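Supplied in structure tokens, the structure appears directly below.
Letters A, B, C and D mark the chains as written, and numbering starts fresh at 1 in each.
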Amino acid sequence: MIQIFNLYKTYKGNTQALIDISLEIKSGEFVFLTGQSGAGKSTLLKILYSWENFDKGQILINGINIAKIREDNQYTLRRKIGVVFQDYRLLPRKTVFENISFAQEAVESPSERIRFKTWEALKKVGLTQKKDSFPLQLAGGEQQRVAIARALVNSPEILLADEPTGNLDPEIALEILKLFEHANSQGVTVIFATHSAEMLKARDYRVINLGKGRLISTK
Amino acid sequence: MIQIFNLYKTYKGNTQALIDISLEIKSGEFVFLTGQSGAGKSTLLKILYSWENFDKGQILINGINIAKIREDNQYTLRRKIGVVFQDYRLLPRKTVFENISFAQEAVESPSERIRFKTWEALKKVGLTQKKDSFPLQLAGGEQQRVAIARALVNSPEILLADEPTGNLDPEIALEILKLFEHANSQGVTVIFATHSAEMLKARDYRVINLGKGRLISTK
Amino acid sequence: MKLLTRAFRIAFSNIKSSIDVCAVSVITIMVAFSILELFLLVFANLNSLVETWNKQVQLIVYLDDSVSKKDQSTLENLIANNKNVQATSFVSKGQAWTDFKKTFSDKAAILNSLGFNPLPASLRLQFSYSSDRLKAIQKFAKTLEAQNGVESVEYGKSWILKFETFLAFLRLFLLAVGGLLIVGLILIISNTIKLSIYSRKEEIQLMALLGARPNFIKWPFLMEGMLQALVGALLSLGVIKIVYLYMKVQFQDSMASLFRGIYIQFIPDSFAIYILAGSLFSGWLGSYISINRFLKSELK
Amino acid sequence: MKLLTRAFRIAFSNIKSSIDVCAVSVITIMVAFSILELFLLVFANLNSLVETWNKQVQLIVYLDDSVSKKDQSTLENLIANNKNVQATSFVSKGQAWTDFKKTFSDKAAILNSLGFNPLPASLRLQFSYSSDRLKAIQKFAKTLEAQNGVESVEYGKSWILKFETFLAFLRLFLLAVGGLLIVGLILIISNTIKLSIYSRKEEIQLMALLGARPNFIKWPFLMEGMLQALVGALLSLGVIKIVYLYMKVQFQDSMASLFRGIYIQFIPDSFAIYILAGSLFSGWLGSYISINRFLKSELK
């Protein structure tokens, strides 16, 4: 359960990225987040996993006020959330396999399970053949799928996907959407940011529409 | 005039990225390049501006065999070509304005013109307000537009755009497409790689379709 | 403990994956430590040289020819009870005359024709080193001069003064050089580790984003800093050992004959251990400063 | 020329935009140069100390009491014609005796009672330094001994031999230390500049992709390396000047009285210029190696 009350965010340089946003997303829900470039989609997601702070308002995740979490304990929040970053954030000096293991090492998974879970995640996104490649040796869409595998591998409660199919052709994009839906069917809350009208049309989920920092509609 | 004869490219690790590609693109033509993720689109573009070498075949650009250009003189080829990279390649420590100036400094433009041309390019992509921002302070779509402005600023003869609208919402994507068409109307050859079915439908240009490294159709 | 083992493993794989940056750090650290150790080596050897010179600071007590057994033993007791006196040697009247005639051997005939020995017996006292040694010597000289059986005392006041000043200068100079080197060393280490962290910026950020504990993020880097510094220090000890062995083979003999009793020696073992401990500490401190500042500033 | 001006401008803005990495380089270079200069400073001053010691290597020619005017002038001509002799001083019979009596002032009565002066007049010769000085002295000593009017010659053969060995040792040691420092210096500079290039990897790649000429890519980095090294060297000269001034104020007087005529001196101007030129060269060389290797490997 994610509850957002009257959220404001202004970046240095006076960009008003979010203005008076109030929202509620139920546990286990699947929502699309859409809006023009610069509307504030990424900003909203960043605030949810405490990567950006905000100026005014309140956010409760499972009833916990995230502004009140001490910096030393932010990791407890982040462990509940899997993120697909818009710019992937793969480590260029690690292979695909290592990149995905890295996410599990970071949360101190028992090392026996790491190999197994990494392999499973690679199978899901169809990249087992590329496991020893470095990110720069992959096509754009392949990099994106690695980023998705990494977000899924720790079985988070909440998935934040920032434009996870921007570089994928429509067929693979649909495959990926199904991956998120599979996670969702097991109780994971999914927020899926996208520009693609095709995506939005393909499914009948709730669409949260931002425009210049304001909430336009949540259908 | 770009002529490609029986081009083969195999990456280390035995990925056959391009297999027996033969193509001709006329000066002043506008073509779409499409294909699934991993089909070889980026590879083909990289070979055209000599960023990757190839194993077999021949490429003539304006009649010049690009495999025969000495490494010291590759810059003469690259100055004729403007590139929008799939991963943008903006310099994170330079502002938007400096990133665009950088492209002109690299080709030793007279410094009097640099300010003026940078400003003009920013106006074209609608980012004058963000000129002093750093790339990491921009939304994904804004970064992409900076990359486009940089490719246009040196008035190249050939424009290679690798997925230049992947992170843009349909409206802005169409705006950007018009920018490329404007350049094209002034005689610039444009190769526009994209996944977007909407893009391909929106215009009636020739579509070069790759599949697993092979040329499937050139309509 | 598990955290440390893991940190060690990760530090190791980090080093492997950016071996070029690490090599740069290690070489820089090695050079810095080599210089510090070369300096220690010179210092250790200079010290034993100074020890030799030190023996030449002496107070000579000339005895009356007619000194009584009792007076002489009073004198010897007095000297034995003075805690500043390090060593005493007795030169008899006969010995002094023999030495003198040896020096003027060409005049032996003339000197022999004197028919008597004009030189007195003497006691030569060496004083242990302390900053106010000259004062101690002057004071004791006064006391001795007043004793029965003492003809005169001699202690080359101005020479001693000069020697003391020189020693003070030497010590201060070495201290300054050493201080400069150590500050430089810590700077270099902290800087190279800053660069190493800097080159893994995205990785650190990403770890935090993926939900790693702060300590989990820090320890691999602390470990890496310590490993680098330790390896650098070990290599430098190797380098210096080679330099030392070469010098020893080349110069031991001539040095030994020039400064009697001198023996070119390596940095003492205890110092080598201090150096390794110091390298671990500087590695840790350098990393700690850098990683903490980085986490504060980069992670908002 | 335009290329260079531009390179300079870009180097400057590069430095500005990653001031932290550059500061690290400059400080490292400064520390390295400071050590080198400290070493030069010690060397310059040791040299004049050795000069003083050098004067003590002398050949003493004792003259017969009955030497004739003619014999003595023959002797003096002979000495004047020997090009190895640097300086000559004459100690008369009377002077020698006065000195002797001063040394044994407590025995003045006895010595005076001798009724005659047993000591000979002497000529004291200093030899200019050369690697075979001892041989020259030995040979000349033989010649002089055979002359009329010479009673005997004395030159402390074993002392000279030891001194020569010590000088040889000192020179070799200084050379070794200096060599190590210079190699270390070049390594450090080339490494810090490699790191600086490394931290601007994407920029270099991008320039090449955007169609920049190879020289256009290289020069800003060469310039940056040179600037960094130059600034580092200038700062180090400042640091060493301060150290020097402090030492001079503290120790000039006592040193001067200890080693007569010694005067603590700064690194000669010509050396300072060599150091600056050397810094420019090392900066250039370090950058050149790094950027060329980078362009070869990273740009395929």
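In the analysis below, a residue touches a chain if its C-beta (ideal position, glycine included) is under 8 Å from a C-beta of that chain, and two chains touch if they have at least 3 such contacts.
Keep in mind that what you see is a predicted model, and the values were worked out from it rather than measured.
Annotation of subunit B and subunit C: jointly contacted by A, D, touch as defined at the top.
Taking the mean of C-alpha positions as each chain's centre, the chain lying farthest from the centre of subunit A is D. Distance from the subunit A centre to the subunit C centre is 62 Å, each centre being the mean of its Cα atoms. Taking each chain's centre as the mean of its C-alpha atoms, subunit A lies 29 Å from subunit B.
With each centre defined as the average position of its C-alpha atoms, the distance from subunit A to subunit D rounds to 67 Å.
Averaging C-alpha coordinates per chain places the centre of subunit C 23 Å away from that of subunit D. Residues of subunit C in contact with two or more other chains: none. The set of subunit A residues touching two or more other chains is empty. Taken as a graph of touching chains, this assembly forms a single closed ring in which every chain touches exactly two others.
The complete set of chain-chain contacts reads A-B, A-C, B-D, C-D. Subunit B meets subunit D in the complex at residues 49, 51-53, 72, 74-79, 81, 83, 89, 91, 93-94, 102-103, 105-108, 154. Against subunit B, in their complex, subunit D makes its touches with residues 6, 10, 17-18, 202-203, 206-214, 216, 300.
Here subunit A touches subunit B in the complex through residues 11, 13, 34-39, 41-42, 86-87, 132-133, 137, 139-142, 162-163, 166-172, 195, 197-198, going by the rule given at the top.
Within the complex formed with subunit C, the subunit D residues making contact are 20-21, 24, 27-28, 31, 34-35, 38, 62, 106-107, 110-111, 114, 118-120, 151-152, 162-163, 165-166, 168-169, 172-173, 176-177, 180-181, 184, 187-188, 191-192, 194-195, 198-199, 243, 247, 250-251, 254-255, 257-258.
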